[in-house]
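The structure under discussion appears below in the form of structure tokens.
Labels A, B, C and D are assigned to the chains in the order they are written; within every chain, residues are numbered from 1.
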């Protein structure tokens, strides 16, 4: 075998190559389809077949699995409805179904990293096959409304997996003592902390949740009224420097500022700092997607669990906002941020470098992930998308440097268990 | 050694015996103090030293530990403030502190069942010693306001442990293939299901939380406004018969009606029915505190987890109420029910037998246990009482057959992890 | 309940009381039966019902279980053969069968400590009941040869459990931060190290294994020839002082002197010294059956695993003997030592205090526990006594301070897994 | 990325390519060096980078790790002694040292499958680099006696890893529901069972162990005398058909024929048949290196643990031989068998197909792996090769279809824990 195998997202050797497609005027879905699918492969272009194989912990999936699973989604929920479509491989659905019990049994999640075949080459062929058929379906113009909805959901789904590809490979590479970089791109300089007085909310009835024509996940609705008390959310994210002060004050040795389960997690897992931080000769370093780097005190702290966010807030004499407060305070603005696609296009590392509500780090809220009043999951298999995870998870709002730029909005509800640290998760305080 | 050692709660051989005290007119706290402390020992009167030793799982504490820990609470938070009081034994605080980190290290909870000394006799002496000093302090009339507050908290605390004594010993005895009874008292006949149309709530702003002069835990306040949608809560609890229909419909084999974590718990722990149920020759039996008994289809189902309650509600086309809905629907009434003390006094088994909001089974709500807006824990060690547990637990409302009759109210928030099944936990549906 | 409940081994209130029996002349088995059974209860006389309840790790059994199981052995293998005998309680066999699969299912070993009833009082009644019937059977003179063999095996079996009662309760009490003593007896002064040149064996064919009329376990035979090389076994046991030198030389931090599994056990379990040793202000102390005591450098080291014994020998430039070498070197002598019954009778603590081959500490050999050539287990349930444990265990020879004085001999094979440390296990070197 | 990356063991594009080397007359070590190193790569030629990445259980190592570790061995123990040699990469020793504590810390074994870089391409470059330098050292003629010994050890070491590569990848591929083959080679027809009366040994003193000029591992010596009893070893291996009879007789449900630890392993791991067997529609199939195949009743049973071998022998009224019996019975013959290299050269699958003592399946003996009398490990790091594993393992004798043909001999001692099943381990009975 020769050198490192690489994923080449821009093939040029045949007219069925996805990315040279000239979308036809009426095919409004073709452009986003091509853009999303292409960006997934672009993201992986520096990874070897070995990198794409590994599952470094149960929460992480192999990159190759992400590449296949997102493809399976379109094959199952869009192509599968069409008469005449033949599966690329009849054995794939059992391998690449993630958690849809209504679609049959699934290969056990914690063992995804043990399956070596189909290899990366075959998975890329699978992607190309499904892309060809999807293009044909889109161009044919005979997609039903349900097909179009499923296709749109599939794109948003793939964007979620783009973010997971980034966070998962960061974890995989972090375990290698050789400290490889995901991409050699340089870290950006950090924007100054905003000096504002924060965004305030007045006590009373407010509305939250998605409404209107744009795409949203079922868990973002229905839009409904909530009663909020007076409060103010900080303009700036908590920085690594702020967090160092918390650490230096002995926070990781003081049970009194931690939730009971947080203190237990800290002790069992030996937490002494955010994930990926390590000390060398008195200096704090971190594993980044661009390789090892000193911790920048002005950058937003990230890779903290809900437990750490909650303890920091208590230590700081503040608290985490609820998700309703966050959403009302955010208003309609989606500020420009440093989203994953923008960073990749600019040749910059995927790493937080500012204080925006979006595009830097996800922000833990104090809200347990639960159904909104009147929430009803979709019928059929897609009803398993969100609802069944509404237990023992906490909502994060905003969007991170690993989020694609058109994949976030004020009503978006991200959620993870309180001990999760491998996402780009940070802290914005409420008072 | 002779026969079974027993706890005798009504000693009559000395004038310092707690229960013959003649409370002085001004000593308003003496009567409840004596009543609560005495009932704890009354509850244990059928238990042997061996029964009081065992910790059958980490969630369970040995009865002897409950007897000592509740005593330590008064010694620490009331007597400890008085000059001149000497600890009964200087080594006890490290053994009987439950989780108050601000008071020093604790003996590890999962190992409580491994400590055999002080034995039951010494722990009863410890109780008598503290009771004598408490009596003297109460009668002296020089308790500070903080002392009186701590004493009242200590009584409510001990009532919580009375309920735990019952649920914990039920678990301990259930593991014995000889199927011993906690008490030989007979099970009561079950009240008929109420025929009402349920209690409805109108959409709008409502208030919940405790306010006013009576005792309440810090987590019950502050009273605050919430916005609720229209809904109705059933008058009747879900019965064992209802639950059998759910089981017979294949619920324990159908992942689609379960939360993802619930399905995982079911598989890992092999759940096929509520805790304590078992099948013999096609008939469902259950372990009760009065020994084995057939499952009564008219009695409220109990010993179900949040996961089972949630799945049942989904299967039934309904949902669990939120805690705010439950509280608003309950209103101010605390109906008469079959509380633990009333059942013991009547010589009836501690076992649910009706459909009341209180005194039968705790009712799971869909609300994650969280701080109310403006919640602030008490300063000092007592601030650890509630706040630090506000994570990955769900609120239960009402009160069960193991709850003392004066230890519940509409604002009371009980809470357990969603997989907990050893409490008397049941289901009331909302629609 | 009053003070500490105690086991009274010498009842005097009824003529069926076992210990006042006047054995009839022909009843040669009555005297040893009474002696063994009585000593078991004598051993436990200082224990409370709570002490007798606890199983501190899976290897340990509750004292009360030992008291019942040894009784079950006679009931099953001697009384059970007689027509007309009725079980004391038909539910006991399933509780007190240890591991005899041919006799039906067993209550799971790791959960023995969770069963609280029958309590200590009932178990003592069970003992008295079986003792009465055994006495009648012995006195009747109509025991078959098989009955007599089973009875003799039962006595040796009970003596093994006497040693386990001692080692198990030592472990139980060691977990109590109050550091209670099993008995308040004083530690003995330590005999001087013998000054001899060791016992040598000449290369050639030797014989080992039991032969002749006396009782022996099946695993001690058949007597057979082995080929040995020249070697010498030390006269003295390795002392605590020797072992401290090993520790001070960094042994617990140097993987090169450990077996690979030993190094793994050391790291996983955090071994830094023998079991029960702990350091206070630069001085090594140990938990003993008489309470805390400083480590005596002249006493034999004990509570070491096979791994530690093996590493010590390697560090010392010697090796552990094989069991054949040990047996040949020991010859026919059973020296006087400080056996458990002798120590109890003398009011001295059960604690090693000399360098004898017997009566101080068991001595690890390098021999994996395996069948001798031609070994055949007994038919029926008693065939499960020894053979099925011949895997991943190492043989210890000699006998310890917890061994009864007539329960050891040169051919006796004790065996434990290489990580076991709660027995009185020590080291004698070969060269 | 293109198609499947493959290992090409026979490069032809440059004169430093190892395999076109024309060994010089005096270079007696060059031919075996080239042969062994080349066969390793030949073995892997069908594997993708993904296949080479996975560690399917802690016992298994990734193929890529085997490729690198065997190279590290020569770099460390031969090249490392030469002044002027520079490591290929200074970071590799910490990654590819297996267990030599004297050479510094090692990357944790259970996490080998998480390291994705250096990838397969770089590891093959590493192999080529070390091969060039080894060739130069061999051809230079100035290897010291220690160097030559280390080189020879390194070749035998690499042959051990060749066998592990085969058994490890079999396990990896077995977990894939797509059931891929390692090689598409056909299974051979099975030789008939030999009809002989077995090989007998007469009671008396015999000698075992290696002696003389040929290579042997330190654990094969010193040659020494042992005393054996009369016995006979079967000519034929136990077949799959024999084993099916054992299974059909209820062996996996009958605790009485199992060692206690074996019964425990069976229950914990759910054993119902040899590893890799599964039932489909009443027919037993197995995963083989050539893909799924029906179990052939005439072929030797393989992939059984020591526990299963021992239970089978007991059920059959026979026993396992000791390793001394096996060696004496085997005599000096090394029969022709179907060794791995021969099978690969013939285009046949690596799968047992006869009844030879060598070249089919390893044969469990009843001997715990222990030092021979007078055994002394080599000084220095190589002393860690064998000795430290002499605990809780059992010796296997012979050699399997995955063993290279010149890597076995009558004195060879293979060893694995009694629960190991992923080696080609089978059964030969003694009586």
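Rule of thumb we're sticking to: a residue touches a chain if its C-beta (ideal position, glycine included) is under 8 Å from a C-beta of that chain, and two chains touch if they have at least 3 such contacts.
Keep in mind that what you see is a predicted model, and the values were worked out from it rather than measured.
Listed here as common contacts of chain B and chain D: A, C. Ranked by distance of CA centroids from chain B, the top chain is D.
A separation of 44 Å divides the Cα centre of chain B from that of chain C.
Centroids built from CA atoms put chain C at 60 Å from chain A.
Chain C and chain D have Cα centroids separated by 41 Å. Taken residue by residue, chain C touches two or more other chains at no position, since every residue touches fewer. Annotation, chain-chain contacts: A-B, A-D, B-C, C-D (touch as defined at the top). Against chain D, the residues of chain C that register as touching in their complex are 99, 101-102, 205, 224-227, 229, 255-256, 258-263, 306-307, 310, 366-368, 370-371, 373-374, 384, 388-392, 418. Against chain D, in their complex, chain A makes its touches with residues 1-8, 48-54, 56, 64, 91, 94-95, 107, 111, 113-121, 124, 172-173, 175-178, 180.
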